[in-house]
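Pasting the structures here.
Both of the next two complexes hold subunit A, though its partner changes from subunit B to subunit C.
Right after this comes the complex of A and B.
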C-alpha cells in the first residue's frame, strides 16, 4: 500500500479523533449493552438420580446428560452435582464426588468384564455371559465342596465360608437389601457391601 | 450476546454512559466463607472446575498443601493453608478459600481501559466479559486481593464469576453447593450478615474473643465475606489484606487524571476548530517557495 507522508498524518489524525470521541462518551449507544452471563448449560438436559460410586457414605447425585432421550440423540453425561433432596448429603459432595464427571469419562475406566485365565499374564476382554457363567460355575463347585450345613453340636448353620463377596457402594437402600438377601441366601458369611446395610 | 433485559448492570469498565438501571429492586447476593468451619477438603475447588469446565494442567508437588500452587486462568478458587501458632503456643491450621471477593467498588473495573470488559451486576457480581478483554493486565494492578490471572494463550483475564450463570437462573454457586461442612453459604447479603453474626457470637462464647466478619469497607464491602476467628489479624490467613483499598496509582490515574485528560482533548479539539474558523489553514505562498529554494541552494553551495 502506498501512503504519502501527508496521507499518513491525515490517517493518524483521524484515528486520534475517533478514539478521542470514544473517550468523550460518543461511542455507539448499543455497545454498552453487549454483555451477558454465560448461558446456563443445563436448561433442557436430562436429569437422572443416582448414588455416588465412591465411599460407604453413599451420597445422592444428580446426573445431567445432553439430549432429551429422543430416538436419534445419544445421551452423554455433561455434569454431575449433589442431590439436594437426598437425606445423606442434601446436595453437598466431597472433592472426589464433585469431580465424578471425570471418572465417568476417564479413558482408564473399566467398562466390560475382563478375565485373566489361570497361568496367563494378561487380562482379556470377555462377554458378560462368559463372566457370569464362569463365576456361577466356580461358586457352585466351591459351595458344593465346602458348604457346612451343621456345626459340631449338630445345630443347622448353613454356612459357606470359603467364598466372599464385595458389593458396590453406588446402591440405594433397596439395592443393598436385595444384594444382602442374595448373598445370605447362599449361606455366604464373608460379605461386605460398602453401603454397610 | 446482547441481553440487557435479563441482567442489569450498575457499572461497566471504561464507559461514561450511565448503564440502564430501572430495575432497582434486585436482591444483592453474597457468599459467606466461614473459615472456622472449613476442613480444607477442596470440594469447592473440584466443583468449581467441574461446573466451569476448567481443567488446569496437572502440576508438581511444591511442598505445600495448596494444590494447584496458585490461582491461574483455569483455577478460579484455591484453598490456602497457613500453620499459625497462637498466643498460648498452640497450632492453629487456618484454611482460607481464596478467590474473587466481588467488591462493591471493584478495583479491577476501575482500572480496566477496555469498554465493557468488566461489568458489575445489580446483584453485586463482578464479571469479566472475555470478548471485550484486551489482555492489558490493568485489572491485576487494580485488584487489592491479587485475584485475576491472564491466560498466556488467548491473552485474556480470568477469575471467579460467582457462577453468574447459576445465580442468574436462581441457583447457588457450585462451590457453595458442594461444601460438605456448610462452611460456604450463599444468600442475600443481609441474610449472610445475620448468619455471620450468629457464628461470631458462637465463636466468642467458645473463647475466640476476636472473632468477626471480614467485609472490608475500603472497597465498599464485598459480596464474598469471611468469618474469621481472628478478625483483628486478617494477615495471618495467608496474607488477607488488613484494610484493602484500590491502589493509589489506579485511583489517581482513573479518578483524577482521566477526566482532566479528556477535558484536555476536548479543549484541544475546540481550540483547533476555532483556529481553523478564524485563522484558517496555513497555505504555502510563492515567497515561501522562493525562500525555501534560496536556503536549499545556499546549503548545497557551502
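Right after this comes the complex of A and C.
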C-alpha cells in the first residue's frame, strides 16, 4: 500500500475522526500508518562515541554517520546528540552542542591548503607538498639565522625566539604532546595556548 | 576543578562569582539545580550583570567589574571578626599558626620589598621564620602577633562593610546577607562550592581573585570535602589537557617548568625543585621532581639522554624572561622582533586584546601559518573586509599558509575536562577534502626540517636529530602510541628491594610511584601515568556506576592524578580520620588504612597519628592562607583597581593598580582616562555561541546573528539610545559600531557615592562565517595581563558610548 504523506495524514485524520479505537487497534487506518512510517533513520547509521568540542564540561555525544566504515565507503555524519550514558550531561546538550552538526558541515570548513604570497590580494590553492616544504624552509632559515645558543654570560640557552606558536586547546592531548616535542626540540619559547583567553 | 561536575549536587551553598555557568556551561550547571532541588542548597550569584545564572539564584548581588578582592576580603574580615571559621580544620590543615618573618610588612598598598623601577618585589621577607632544623616555626595557640592568622586579620581589617560597599557598589544589606550565607558553611558538615571562570581570571589581579576565594574555602573547611572545592569551570574542551601537557611558554608536561638562564646546570635547576619539607614528617611530593624530570627526558630523547649528558638538560630551551606569553609575543611582533608565527586552532585576531595592534603586528611577520578546520579571521587578516577589517593587501608582505585540519569528529584521542578526566573519543568520519590532522601536519614539518638539518647542517640540530620518534607510521603517529608515551614504560626490568621483578622491561607503568630518576623509566607526562596501562586504555572506560550516588563515578574514563576524583580528599576527614560530614564521606581511616569511594590523596596506610598534612604538594603539607613567595603581587590578596578604572583606589590612592603588573610602554600609552571614557565595560559570552567558532555553524548564526552591546535603561535614556538602535562604542584603542540592547539586567552602581554605569560587550562576531560581520570586542580591550599569568584584562575597562547612525544599507 503506497501513500503520500498528505494521503497518510488525511487517512489517519479520517480514521481518528471515525474511530480512534480503530486506528489504535490496527484497523485499516492503522495498517496504512504502519506502512507509511519510514524506518528510523539512525537504525542504519553507524554510532560513534565522542566528546563535545566546545567547553570543558566535556559532554558525551553520539555521532551518527552513514557508511559502515568499509574501506570503499566514505562516512557522512548525519546526526549528533547527547550520550545518555554520560555521567555529567546524561544525554543533554546546550545550544552550542546541539548545533555541532552545523559546525562539522560548515560551508567555511577548509578543504585545501592555501597560500597567500607577499603583497598578493588573494589566496591560491596549493599542494601539501608545496605548503609543508615552503614552511620547513622558512622555519629553518629563520632558526638558523636567529637561534641563540649562548647568552651574553656564556650560559647555554638554546632558544629560538623569532618564530612562535599558539597551540590548539580543542585538539587532543596526544596532538598536544607531539606538538610540544616538535616545538621544543626546535628551541621554541614563544609558545602558548588558550588557557589565558 | 578540585571536585567533579556531579559533586556540585552535594553542596549546601553554591557561589557563582566570576562566571556564568547557566549560560557558558549549561550541561554542567544542571548539577547546581540538582543541589537546589535534592540538597536544599542555596545559590548565590555575584556578578555585574543579572545573568541567567542570577535568574535562578536565591541571592543575587551586583558588583562593579574588577572589585572582587575587596568583596572577598570583606568576607574574610566578617568570618574572622565573628569567629565563623571551621576551627579544627584551619588549625590542623592550614598555615594559620605559622610565624612570618619580622621584616614582612604592608604599608599604603605595597608589601615589603617593592622595587619601583622594575615593578617587582624582592620576596625574601614573604617567608616563615625557621628553627635550627630548618622547620617553619608555629604557634599552635595563635597568640603570636606575626602568625599568619593574625597578620591576615590585620590585613583585612580595612575591608569594613562600608568600605566594601564604597568600592564594589554592592548594596550593603545584600552584601551582609551573603557574608552570613558564606559563614553558615563553617559548620563541619556543611559545604560551599565555588564555581568560577574567566570572570575571575581575566583581570590584572586574576590569580589573586581566585586566591581570595580559596582562602575563604580553607577558613570554612570546604576544600577536599564532598560538595566543596575551588572549581574552575574552564573553557575549551582540552584547555585543561593543553595545560597539563605544558603547552605554555614556561611549562613542561606535568607541571614541570622550563629552565631559566640562571639555572645553568641540571643540578642548579634541581636545587630549587626538590622542596625540603618545612614541617617534620611531611610528604612534600615535589621531592620526586627528579624522577619525573629524568623520565620525561628519557621519553623524548630516548637513548640520547644519559647520566653523562645530564639527561640532555642543555637541549631544553632556557628562558631569559618570566614568560613569552601572547601579550609579549605581539609586542615583539609589533617591534619587528619576530619572523614567523604558527596559529594551530587559535584565532588571535579575535581572541587577544587591542585588535588594531594584533592586525598591525601580524602584518610585520615574514610568515604566518594557520592550522584550523575553519576559515579564521587571523588567516585572512591581510584582506580588506571593510570597516570590520580595513587593510591594503598590497602593503602587507606576510606570506600566509592556511592549512585545513580535521575537527573533533574526525580523529581519535583524549581530552581532559575541567574535572581532570581524560576521556577518549573516536573518529566518526574522514575529514573533508584534503584536510589533515594536526598530528600529520606537525609530523610533516618535523620530518622535512630534520631532513634539511641532516643534509645542510645548521643551528644546533642535536635535539631535533635525536628526538625520539618510535611510531609505527612515523608520518602519522597513532594517538594510542602517543598516549602510551605519555603514560610511560619501564626501560629495564624494574625490581623491588628483594630483587623481584615488579615491571618487565618495555611494559607500560601502572602509576607514577614507579618512576625512577636513574634513566630506567620513561614517561612523557607523569601525571598521566596510569591512564594507558597493560590493562588497556583506561581513558576509554565507560562504567558510569557511582557508589552511594555521590557524584564520583570512579570507573568512568580516568582522572589525573592516579584516578583521584576529589583533590586533597584527606581534608574531607578530621585529624583522627572521621569524615567531617558523616552523611557524605569521601575517604575515612578504618584503623588500618584509608578507605572510601575515592583514591586517597596519599599512601593508604599513612596513619592519622603521623600528622601528615593533606596538601601534599606543599612543602609544609598545609593549605596556605599566606602564599609565601608564590604570587607576583603579594602573599595576601589586596584590592587594586583595573588599569582602566572610573575610580581612585580609596584604600591607597598612590598605588592604584597592580604594582607588579608588566605593562609595555605603548600599551600603557593606549590606556584611556575616565574623563574621555566614562563607562565601565566588560566582555562576555552568550549561551548560543562558543567564542568565534559557532558563527560558522548555521543554527547558531541564526540564533545570535549580529554584534550588539548591552546597556542599562538609565544610561540609555541619558544618551538617547533606543532599543535596537545603533551605537558607537569607543575606547582609547578603537571603536565598534553595532546595535544596542537596552536592558533591565544592568543597573547603575553607586561607587564611592557616584553612579557608575556598566556596558556589556559580547564578543562572538568577526568577518568570516555565517553570522553578520562584526568589529569584535577585542577592538576595545586593553593590552595588560594578570601579573602572574598574563591573562588579559578583558573584564574591566573604560569606554564611551554615543548614539550612531547605522551603516548605509
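Note that in this section the second predicted complex is superposed on the first by the 112 of 197 C-alpha atoms of A that agree within 3 Å, B and C clash if a C-alpha of one lies under 4 Å from a C-alpha of the other, contacts with A are read in each partner's own complex, and residues count from 1 in each chain.
Methods note: a residue touches a chain if its C-beta (ideal position, glycine included) is under 8 Å from a C-beta of that chain, and two chains touch if they have at least 3 such contacts.
Computed from a prediction, not measured in an experiment: that's the story for all the values here.
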Check your understanding: Which holds for A:92: it touches subunit B only (first), subunit C only (second), both, or neither?
Key -> both
Point to revise | Partner chain(s) touched by A:50 [first = subunit B, second = subunit C, both, neither] | key: second
Point to revise | subunit B or subunit C, by number of subunit A residues touched | key: C
Review point. So, does A:139 touch the first partner subunit B, the second partner subunit C, both, or neither?
Key: second
Exercise for review: May I ask you to decide whether A:36 touches subunit B, subunit C, both, or neither, giving the answer as first, second, both or neither?
Suggested key: first
Review point. Which holds for A:124: it touches subunit B only (first), subunit C only (second), both, or neither?
Key: neither
Check your understanding: Which of the two partners, first being subunit B and second being subunit C, lies in contact with A:81: first, second, both, or neither?
Key -> first
Review point. After lining up the shared chain so the two structures overlap, which partner does A:171 touch, if you call subunit B first and subunit C second: first, second, both or neither?
Key: second
Check your understanding: For subunit A, what residues appear in both contact lists, the one with subunit B and the one with subunit C?
Key -> 80, 82, 89, 92-99, 102
Check your understanding: Along subunit A, where are the residues that touch subunit B in the complex?
Key -> 17, 20, 22-25, 27, 29-41, 79-82, 84, 89, 91-99, 101-102
Check your understanding: Which residues of subunit A touch subunit C in their complex?
Key -> 46, 48-60, 63, 65, 67, 74-77, 80, 82, 85-90, 92-100, 102-104, 106-123, 128, 131-140, 142-144, 146-147, 149, 151, 153, 155-182, 184-197
Review point. Can you list the residues on subunit B that touch subunit A in the complex?
Key: 1-4, 6-7, 9, 12, 15-17, 19-20, 41-43, 45-47, 49-51, 55, 115-116, 119, 127, 129, 132, 161, 164-166, 168-169, 174, 177-180, 182, 261-262, 265-266, 269
